[in-house]
């Protein structure tokens, strides 16, 4: 792939990014011209099904969320290795298969471990 | 690609250890996480023994896999040291686990096995990437191990400090490496070493900066001054057998690879950096030995002692000796260090657990409570002090002899004077054991089989290395230490 | 074309910010994030060298992949330990982690 | 000049997309209506064609309430962060052989990478709202999205192995050269992708983050007016993007006889859109524990298996 | 003749220690007897060696040489041998240690440990006197440190730990300095000729004029000073002596006997063997300084002894004073002087051991060491008091006793010293003689206050010498008198070696 095409592709990406930001910003700015604006305290209270909220809303949540996040990080990053491998599999042949088999077995063992440790249960 | 047609049999020990480690890990989690499982420990020790045998068999003839993974005597000897160390740590953990049911036993063992694997990879690597992977396998396992007593705030705190500082250290190492890569276009140590002199001519500041970053990073890992501040805290907080692990295996492996980088990668510009190492070694010895004097907690004391020992190990590197002599010294001392330190840690584990206190006074009157442990501890402490007739003595004299024949006599003086200072704190423990009365409520202390086993092995190692040092030194004389 | 020095400068700045964060921030999560920042500074270095360095080749990118992975693993372990610590101490303020003092 | 064309392309995609979303919403309401034996929207315009436009106008003119105790900056950025990535990923979709914006050689990676940023938008929206419902919704949403991102990503690898490229055009070409769409050799991967995609989109039966009966409206409970519209829009744009990707990866993209490629592409996308709506009309909502364990215990192992099988077959066949 | 007799001699005590380790704690008498027998057999062997020793050659005898640790560039050798310098000290060691072990009946606590340390100590001391390899020498030198630390620290007096640590650090630092000197010597030797740690070989290398351009005089001078400082700690010489009173006073009686009787001699032996043996020209150059230090030691030790209220401390300071004579004699570089020095080593070994034993025996009965609390002992315990008096007389240098011979020889030596080596030798001798008078003063004064004088009330009813106490007393006193009356028994062993040493600078 020649450099021009390579760069052009990223110009597209940037244009899309800018447009993606411009639309909400533009929309909201335009909306300001047409929408009413008269806040009063009751309106600005967080909605909790009509009951006045008590305590801080930014509560601590179950540790299960953290664990899922950790699991995600591990597995998501592992895919970093699988993608280049997948692309290059033609060149790698059986060597590549073996290497990746080892990798996946280890990954699967990790999964089995968290399974057994009830990390994947949600309660 | 060279990896396809490489001689993978060179890697047999690593591969087998990996398989065994995974097997241990699988057996562990499939048989239920909690509960006492001494057989997992035995299995782990067996795995390590098998690996040691394989190392001896398969690493005899040097070779390399794609110039990233090398098998040479240097790697082989360090692998043996590491594997022995981990095996001793596991045996030690087995008795520790008896008392701490809240810890997941099998996980500890498998983490230790993975750490051993990482360390093995690391000492065999001749490529920055492989090296980094090995280092991180070891480090990340160590972080987990340090925080293994989850319910203990101290343990968690230790682990967190370790993670943060260890991560920072990794970043330093990597930052240094990234410049080496950028300037040479390769991550292979041999190729870097081949071009380093020319490179230094072109970009002196960048090369030195890169080197300093790496020294700082590895300095963290092996806790040399001024990068040692984490060690006492982490050592204190970590479970005691793990403290032993951190003080020995982790440190020795870090050393091995730091030396390989310095010797192979930066050997060409030796005269530019040896003085830095000398100063660091001197500082390490001075700070380690003097701060140890005021420690009341045994594990902190051992941390500072370990810092000082790291200083001794750095000395041969700083003294401009022939490569073979330097290597022999370091390997000999590494062997001595692993035995004496792990033997001491086995006893420390048992005594502090029994006393439920890590204060030095928990050793009071140990001679009356358990003569065997007290005498053995004395031997290990004497060895660490460098008194006869122990491996530590021979090792220290050996290093001293070497450094005396270099230009840096002042370093020798620092070595010897700080060793003398170390008499105070090592003999402080001896004083507790022999000259203090046991606490009133204490009874006879019976050493469990596992502790006795480690102590016996360590005693054999400590004495054997002294009396039969010739076997090791003869083997090491004239070795082709590093192939590339 | 942007010269490689600019990338290096960016990386250096990020590295310093990360180091500063590690050394000064009180919130442990931010400290961990700072460590990640340092590692990513390294990645910028590696990738920059890999594509427009004096000896551009693919090795740097391979290295980067490994660094990313390791950084993730380190972060995962770090956060797990952080949770354990929080359970024990009810605080993740650096200043308050003082059970052990030298 | 070239730049102008690029901008034009971007604006065109955006415009078409907005129209597409409008009619996708209408399509959904109609499909569900008919499935439930009712008519659906039919007041505005012929066959209710202007219903969504009217809704948009309504939302535009609604008061923009920013509650008093929110984290204002984060609150404002969140909808943008949710929308922009889901639009950005469209840059690399090859609508037809020649109609493609960014012809990236890492197209798949780009898609996956950018699209996962919208998760952060969700989290920021929920967290900044200072509302327990929002927070719960956001947490659930994030947990679900990241859990299902893994099977999604792993499922795609099968296709990548077969095509040997990450470029979306190349993937389509590979299907052409192979003579069969990847849905056939990659049927397992396709099913995993489909399920994971639904969860990724927070759509029924995996719409727990927005479960009205439990969480009011999930992470955008506190959002009103046009800000809410952007969350809404982001969801549909993302749905379109996922459909487009699925089309490219599994259904041969623009490939098809007689009709121009764009039309084929559009038709195939519609199938996916229809499936989303169909499922919504027929499936009950799953429980949260079922959701999580299904993703981790079923989809991920299957996806790994799929990778291994695909790779072995690929190498075996040469 | 037993092959490897020196090895047997050195390691026999270690074997005894191992045997003791297998005996249960309760059998204290068995342990005592095993220790006693072991040390006695060691004594017998040393006497055999003494008898077989060839008096007509200066070379090393009973030599053994094995490579122990081969480091590639140099090897640590297991190399033993005795000559006229080490032979008397070897016998001194076995005798004093055996008697010390006999005197150890007073040790009631932790008997097993005690004797194990004692025997290890014996091995260490013997090793020092027979080692011919620097590494081996250093090893044994350090090895003596550990048992002595334990013996002082566990079985010592009220301030035992302080004394033990002080001993440890001082002598540890001394060894450290010694190691530096040794290895510097090794390195320069290796540069000049050959990498060796052998004392004899090094002496040759350093004596070889061909090496003068590599081994400069300045280097040699520095080396000598370093060595001197190293051994000065052990000897001890004036500014480095402060550990000695503490260690001697706090140590249990047998340990004091060994400390004064043997350990101090290790310092002197090292100085003679390494300092004088390898660097004779430097020794000659510094002879004046050494002589001055010797005089300072004599006077300083005597003055301090004069003001002591504690009898044991007094004896300790008298040791410092007496070691000055060794320096003085050695510095003279005459045959008589050197003989005097060695005579003094041996004679002081016996006398100091006897003195400490007597002080210990008296302390055991009176539970005080304060001179003012003693007094009139001759009335209650005439035999012990008599031996104490005899010991003091020997220490003063009464003719017919060994102290007289050694002092006489040393003074003759210094009088006859060549003015090139020691200028103003006569003045020095006169000043030193003043010190001897002081010695007489403090010892006689002390005796007058303890053995004679007013009987202290609390000392009215004391048990006199027990049978077992006769063994050390009679043996030590007998040996003192034997050497005093028949000095040839010692001098014919040392003569050739002494002449050899002296000839090296004269030559």
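Chains here go by letter, A, B, C, D and E, matching the order in which they are written, and residues are numbered from 1 within each.
Operating definition for what follows: a residue touches a chain if its C-beta (ideal position, glycine included) is under 8 Å from a C-beta of that chain, and two chains touch if they have at least 3 such contacts.
Per UniProt, the chains are A = NADH-quinone oxidoreductase subunit A; B = NADH-quinone oxidoreductase subunit N; C = NADH-quinone oxidoreductase subunit K; D = NADH-quinone oxidoreductase subunit H; E = NADH-quinone oxidoreductase subunit M.
Fair warning: this is a prediction, and the values are worked out from it, not measured in the lab.
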Original post:
Which neighbours does subunit B have in common with subunit E?
Top reply: none
Original post:
Both subunit D and subunit E are touched by which chains?
Top reply: none
Subject >> Smallest number of contact steps required from subunit C to reach subunit D >> reply: 2
**OP:** Could you name the chain whose Cα mean is nearest to the mean of all protein Cα atoms here?
**Re:** B
Original post:
For subunit E, which other chain has the most distant CA centre?
Top reply: D
Original post:
For subunit B, which other chain has the most distant CA centre?
Top reply: D
Original post:
Between which chains do we find the greatest number of C-beta pairs in contact?
Top reply: A-D
Subject >> Gap in Å, rounded to a whole number, between the CA centres of subunit E and subunit C >> reply: 64
Subject >> Centre-to-centre distance between subunit D and subunit B (centres being mean Cα positions), rounded to whole Å >> reply: 52
**OP:** Would you mind pulling out the distance in Å between where the CA atoms of subunit A average out and where those of subunit D do?
**Re:** 13
Original post:
So, what's the distance in Å between the C-alpha centres of subunit C and subunit A?
Top reply: 20
**OP:** Give me the residues of subunit A that touch two or more other chains.
**Re:** 69, 76
**OP:** Would you please write down the residue numbers of subunit E that are in contact with two or more other chains?
**Re:** none
Subject >> Residues of subunit C whose C-beta touches two or more other chains >> reply: 73
Subject >> Which chain pairs touch, all of them >> reply: A-B, A-C, A-D, B-C, B-E
Subject >> Residues of subunit A that touch subunit C when the two form their complex >> reply: 63, 66, 69-70, 73-74, 76-78, 80-81, 84
Subject >> Residue numbers on subunit C that touch subunit A, as the complex places them >> reply: 65, 68-69, 72-73, 75-76, 79-80, 83
Original post:
For the complex, which residues does subunit A have touching subunit B?
Top reply: 91, 95, 105-106, 109, 112-113, 116-117
Subject >> Of all residues in subunit D, those that touch subunit A in their complex >> reply: 2-3, 6-7, 9-11, 13-14, 60-69, 79-80, 83-88, 90-92, 101-105, 108-110, 127, 129-136, 139, 142-143, 146-147, 149-150, 153-154, 157, 160-161, 164-166, 216, 221-222, 225-227, 229-230, 288-289, 291-293, 296-297, 300-301, 304, 307-308, 311-312, 314-315
Original post:
Of all residues in subunit C, which touch subunit B in the complex?
Top reply: 4, 8, 11, 15, 18-19, 22, 28, 31-32, 35, 38-39, 41-42, 45-46, 48-49, 53-57, 59-60, 62-63, 66-67, 70, 73-74, 77-78, 81-82, 84-85, 87-89, 97, 99-100, 102
